[in-house]
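The two complexes that follow have chain A in common; it is paired with chain B in the first and with chain C in the second.
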Partner chain A sequence: MEKIIWVDYALCTGCETCRLVCSYNKEGIFWPSLARIKLWREKDQGQVYPLTCKQCASPPCADACLMNIITKDPVSGVNIRETEMCIGCRACQAACPFDAGVYHLQQDIVVSCDTCQGEPVCVKFCPHQALAFTDLDEMKRKKQKKRAEQSIVV
Partner chain B sequence: MSVLYGYAGKLLEVNLSENRFKDRVLQEKLCRDYLGGIGFNARYLYEQIPTGADALGPENILMISAGTLVGSPFPTASRSEASAKSPMTGLFGTSNSGMFFGIQLKCAGYDGIIIRGQAPEPVYLVIENEEVKVYPAGNLWGKDAWEALDILKTEYEEAEIALIGPAGENMVRFACIENGYYDAWGRTGLGAVMGSKRLKAIVVRGSGSITPFKGEEMLQKTLEARKRIMASPFYQPFKSYGTMNAAIPYGKFQALNAHHFTRGCLPDWKQNFARSRVEEYMKSHIACQSCIIACAHWVEINQGKYQGLKMKDMEVTPVTSFGSGLGLSLEACVQASAQAQKYGYDMVSIAGTVGMAIELFRHGMLTREDIGYDIDFGQEKAIFQLMEDIAYRRGIGHILAEGSKRAAGILTGSEDAAVHIKGLEMPMIDPRGRWTTWTLGMLTNIRGGDHLRCRNPVENLRYNENKHNYRKERFGFPEKMFHDLDMPAELKARAIDLEQDTVDIAVMAKWAEDLINLYNALGVCIRPPVMNSIGPGILAPFFEDFTGLTMSPADLMRAAERAWNVMKLFNIREGEKPEDSRFPERFYRQAIDDKVLPEEQIEEVLKLYYQARGWDRHSGQPQKEKLEELSLEQQRYFDSR
Partner chain C sequence: MQNIIIIGNGAAANSAAETFYKIGSKDKVVMLSREREPFYSPCALPDYLSGYIKREKLYIKKHTVYPEQQVRLLQGVEVHEVDYPGGRVRTSQGDMSFDRLILATGSRPVMPEIPGSRLTGNFVLKTIGDVEYIMRHNPKHAVIVGSGNIGLETAVALAARKCRVCLVEKEQHIMPRVFGPAVSAHIQRIAEENGIQVMTGEEVVGVQGGERVQGVETGTGVLPAVDTVIWAVGMKPDTRLAREAGAALGDLGGIAVNAYMQTALQAVYACGDCVQTFDLLCGEPILSLLWPSARQQGKIAALNNMGYDVPYEGALNYITGEIFGTSYISIGNNVPDTRPGSSIVQQGGPDWHWCYHIWEEKIVGFEAIGVQQGLSAMMNLIRKRMTIDRYQAILHDPCLRNQAIGLLPAQRYLDHYPGQVKG
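This part shows the complex of A and B:
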């Protein structure tokens, strides 16, 4: 089954390490504003919401793309962008329900998470295990186990 | 000059009097000799603030610099240092804060911001990707910090904002600079300096990047550094409870600032302020940039009088300042912290000053007529009212806004009620209850009465022994802790005696101050899990991978020591005397738990400390050999204009 990056919001502390290492992996320098993962914060909540491409089954970004450069990799299920052809019109960003695309300031193109070819660095470096790269079944099992543990009455 | 990696590469100099901006390109020599953060601030201010300048006049200079490692994933590398001549002490004023201001500043293209002069009208400064603008503060002036932030955030979303509240605007001498809603550069009154410059806020937004020298190696070393920190016995406790771990031990040792240092502890302290009480209200853990500990808590009060109050709080400093210091409940402490954030106060100093007023009221030296209402420990309504009166300098607040030391000069006969060192109010630790490297550090601190610039990296909160031998504190850890400590072997053997199970306070104090200065230069946090696992041996290779500058661990420590000595020279130039390193009289005369401080023994430890520092005990001056060793001769790093 296809793996995606799952977020356990309760564990995220908002340390932004994911953004540093993501941008390094993609750009070769530390460039947080170009990280393919975003952290959304709301004042008065004390909660941070990491957000990255959900690798949708029917991606609205692909439908919106005028150049037809967003395609789904049949093996990994990752939505791949052929960025050389990108014209930077940002239609994909407008169409994305999660605002997961990132506008590349220098190259005038839109980029998004490609799960680092199956080894996402954000997951590797998340110090609080708030990010996991796994398939839905495994995620569900983990959740069930957690719930079960919580409901044990001693 | 070779390319500087890791740094943004320049400092921004803003002259508010002339509305002029100038970039100062970083020179490699400055980076090698002073590293960054507090090092840059120390050097620049030492060269540029004229001797005897009015701390609240246009000649004073405010500087905020990001730590060098900020912008790297090194664990806890987030912090930035704000400095100026302190309106509290008249000496070097400086304060450190975390979260995201530092990285935002570097991404905007600057390692530091220098604020000179004084604006003719209230203004705020916007730094956006190397573009700098000054706008009239108009409707922001007069607003509390949270209201002003709400307004600024609508226009500058995702920006990091340093600003002052009413206390800063009204030049309350212990006003802080707020770092967003819930954090601050708290101590030494830097907010008053910002207020004197009529600068309401510094808005920083950057979408730029930071280029490492050897990125892959850095990432590898990041993981190794994390492993060390996570192996610390302090890691889990700090991850779970943050600084609240210290609340109970200090009560047990009778070493709290209870009721303004008139008692060692309060009844029911253990029940009311146990670290586990954090769990009653905590919703989540909050981390600063790149932190793997996340010691801060988001708390929501869900019952009682303060129901609905949300705050990043329940840290040991606000809790002891307001809780033990002024006798407030845990929930009321959160309210007090929120008020302090809105007005823009240094929490230690506001609590110390209110505590002084209460003490004077109790002794009849201040009356209902003077204050306008009755006030006592634990009376939250009156305490909150007085906090407001001080922020707006109303009535007695106008005098108390000058801080304990100056207020004591105005209110004749009240000197004994002013608990300060060199003009700065003392934080929670009562040296009568517990004497350690940490408490000696309050005397030797560049900032005055403060606990954050000297701390034994292997302080053991389980023991309070050896307290009658003022030269030693108990080590008390398994030998592994000794071996893991990142400290030169020879010095480690001198500082820690495994056979006697003791730590030499004077030797450790010098090391600890330099180590913390190194952290404050590099932007690393001083939480205990970091302090007992990360030293110059770990930092030097990482520093090289990030900046491209080869520095040995000894080079790093020398740079940190150099900055400490420069701050000391600044203080001496401003008139600091060795005899100013003295606790307030009550600690030598009034017993708590049958204990007073023995003057001779403390003098003996101080002598040993001066010896370790290479300073003259009589003049306080760094000796000639020390100045030569640190190459501190007359040399300028910054041209004057």
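This part shows the complex of A and C:
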């Protein structure tokens, strides 16, 4: 079953841990701008929304890519970019419905989350458990359980 | 098992072939291509011209290698004629028969017939061959005629090769079909700051010279000491084969197709730059002439060819680019609209500008330069054809909001919508 990173927006505090560990894992440097996960902060409400790749079934970024470098890995379901061929035109970034493409300012390419070979460090280190790496069915079960628990407490 | 012939080896043709392969069609697919090159992306040609990337990088690497018996690519094979009633194509390598045909013949650069346009030193830019002719000619002072996306990118690429460049545009501002005057003015400013001469409202009427290009005549004067003229005045769909076979053409000059990419001829499909399709936003006929559209149409043509009923959603034109480190984007229709019910909202500073176009309460175009955030959210809003009221409703409902996070970053632009309550 294909797994993706799920976000529980209610739990995210915007602490930036995910971005720090991601950039360190991928680039060897603590530099949030290079992280494959973004935090979008709403201006007035103060709510924070982590944005990262949802590994779309038929990815709009792949249709948009002017170099055809984005393909789905048939086993893991991860949408992989062959970044050596990227020309940094950023067409894929605009096409992504979740703004998951990250412009790598040092290399002039666009990168996105590859789920760290199935063990995403952002999920591991998120201090508030706002991120989870699961498949759809499991996510549904978790949500149901949570709802059930909440209904008992109230 | 049936024989399918795809004419072409560009984005549209390859997307169709890939779809046949992925679905596991039993049919035999043969791709015919005039050029002796593996599949490459013309979009990267300006980067090759400037020297930013090497030749190998033009080729599409992540390109499925098809099993020989299923999809075969024949390079260097020019199709001369489609004998539709006989179900055959006549090529430079003999005849071949087909049960179904997909035309993905692409487009060709427009080359106006004016005095001197045949002298040595006149070029167009569409194929690897074209770029290499230009490189061998080694331009020292070039005039680029036409400032669309290709004209501008070529100007920047030549400037990077230390060539003196003058960009000539007939309309009042550069990239007139892609940007409104404000964003266009920023692009012009950046081009000029980097040594590119820009002339707007000028038409090239002749090229001077004995055997080689020596000067360029515009409506108001002469540009002397020019050794190269690059024509970037547009692309036109390559429809010859379709037309001669009896397929109808649209009034914009592309092969007429329906939403299933079928031409007027039974069992003949067409996709990519060679077709005339409709616009996703208003349904009006357009020539898209862009890579993502070619890919999507290729997929649709193949699916319907195999009998899956999948209609095309229409083309949403967008381009992204960069000029000397400043990125720009244009989505949808950004040509100023004078119809009643249309308006624009814009903001700008010394080195940035954004603007969106509204028609009937929906955003139908967005253009920006020097801004980075919320671009994909705007793209999303436009693609979804969402009204501004609906967007505001989503924004104020916490439950809906969590399901539409991709749209939220558009708020920074929509906050400027007239009559918006902020807070």
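Worth a mention:
By definition in this document, the second predicted complex is superposed on the first by the 152 of 154 C-alpha atoms of A that agree within 3 Å, B and C clash if a C-alpha of one lies under 4 Å from a C-alpha of the other, contacts with A are read in each partner's own complex, and residues count from 1 in each chain.
The criterion applied here is as follows: a residue touches a chain if its C-beta (ideal position, glycine included) is under 8 Å from a C-beta of that chain, and two chains touch if they have at least 3 such contacts.
Just so we're clear, the structure is a prediction, and the values are computed from it rather than from any experiment.
Aligning the two structures on chain A places chain B and chain C next to each other without any clash.
In the overlay built on the shared chain, the residue A:68 is in contact with chain C alone; chain B does not reach it.
Of the two partner chains placed by the overlay, only chain C lies in contact with A:49; chain B stays clear of it.
Angle at the C-alpha centre of chain A formed with the centres of chain B and chain C, after superposition on chain A: 120°, rounded to the nearest 10.
When the shared chain is aligned, chain B comes close enough to touch A:105, but chain C does not. Looking at the shared chain after the overlay, A:32 reaches chain B, while chain C stays out of its contact range. By the document's definition of touching, of the two partners only chain C reaches A:82; chain B does not. Once the two complexes are overlaid on the shared chain, A:115 sits clear of chain B and of chain C alike.
Of the two partner chains, chain C is the only one touched by A:91; chain B is not. Put simply, the nearest alpha carbons of chain B and chain C end up 8 Å apart when the two models share chain A.
Touched by chain B in one complex and by chain C in the other are residues 43-44 of chain A. The part of chain A that touches chain C in the complex is made up of residues 9, 40, 42-44, 49, 51, 63-64, 66-71, 82, 85, 87-91, 93-99, 101, 103. Per the touch definition, chain B reaches chain A in the complex via residues 71-73, 75, 100, 103, 107, 153, 181, 206-212, 215, 219, 222-223, 226, 283-292, 294, 298-300, 310, 312.
Chain A contributes residues 10, 13-17, 20-21, 23-24, 27-34, 43-47, 105, 125, 127-128 to its touches with chain B in the complex. Within the complex formed with chain A, the residues of chain C that make contact are 11, 14, 41, 43-44, 47, 53, 57, 60-63, 291-292, 295-296, 318-322, 327, 329, 331, 372, 374-377, 379-380, 402, 405-406, 408-409, 411-412, 415, 422-423.
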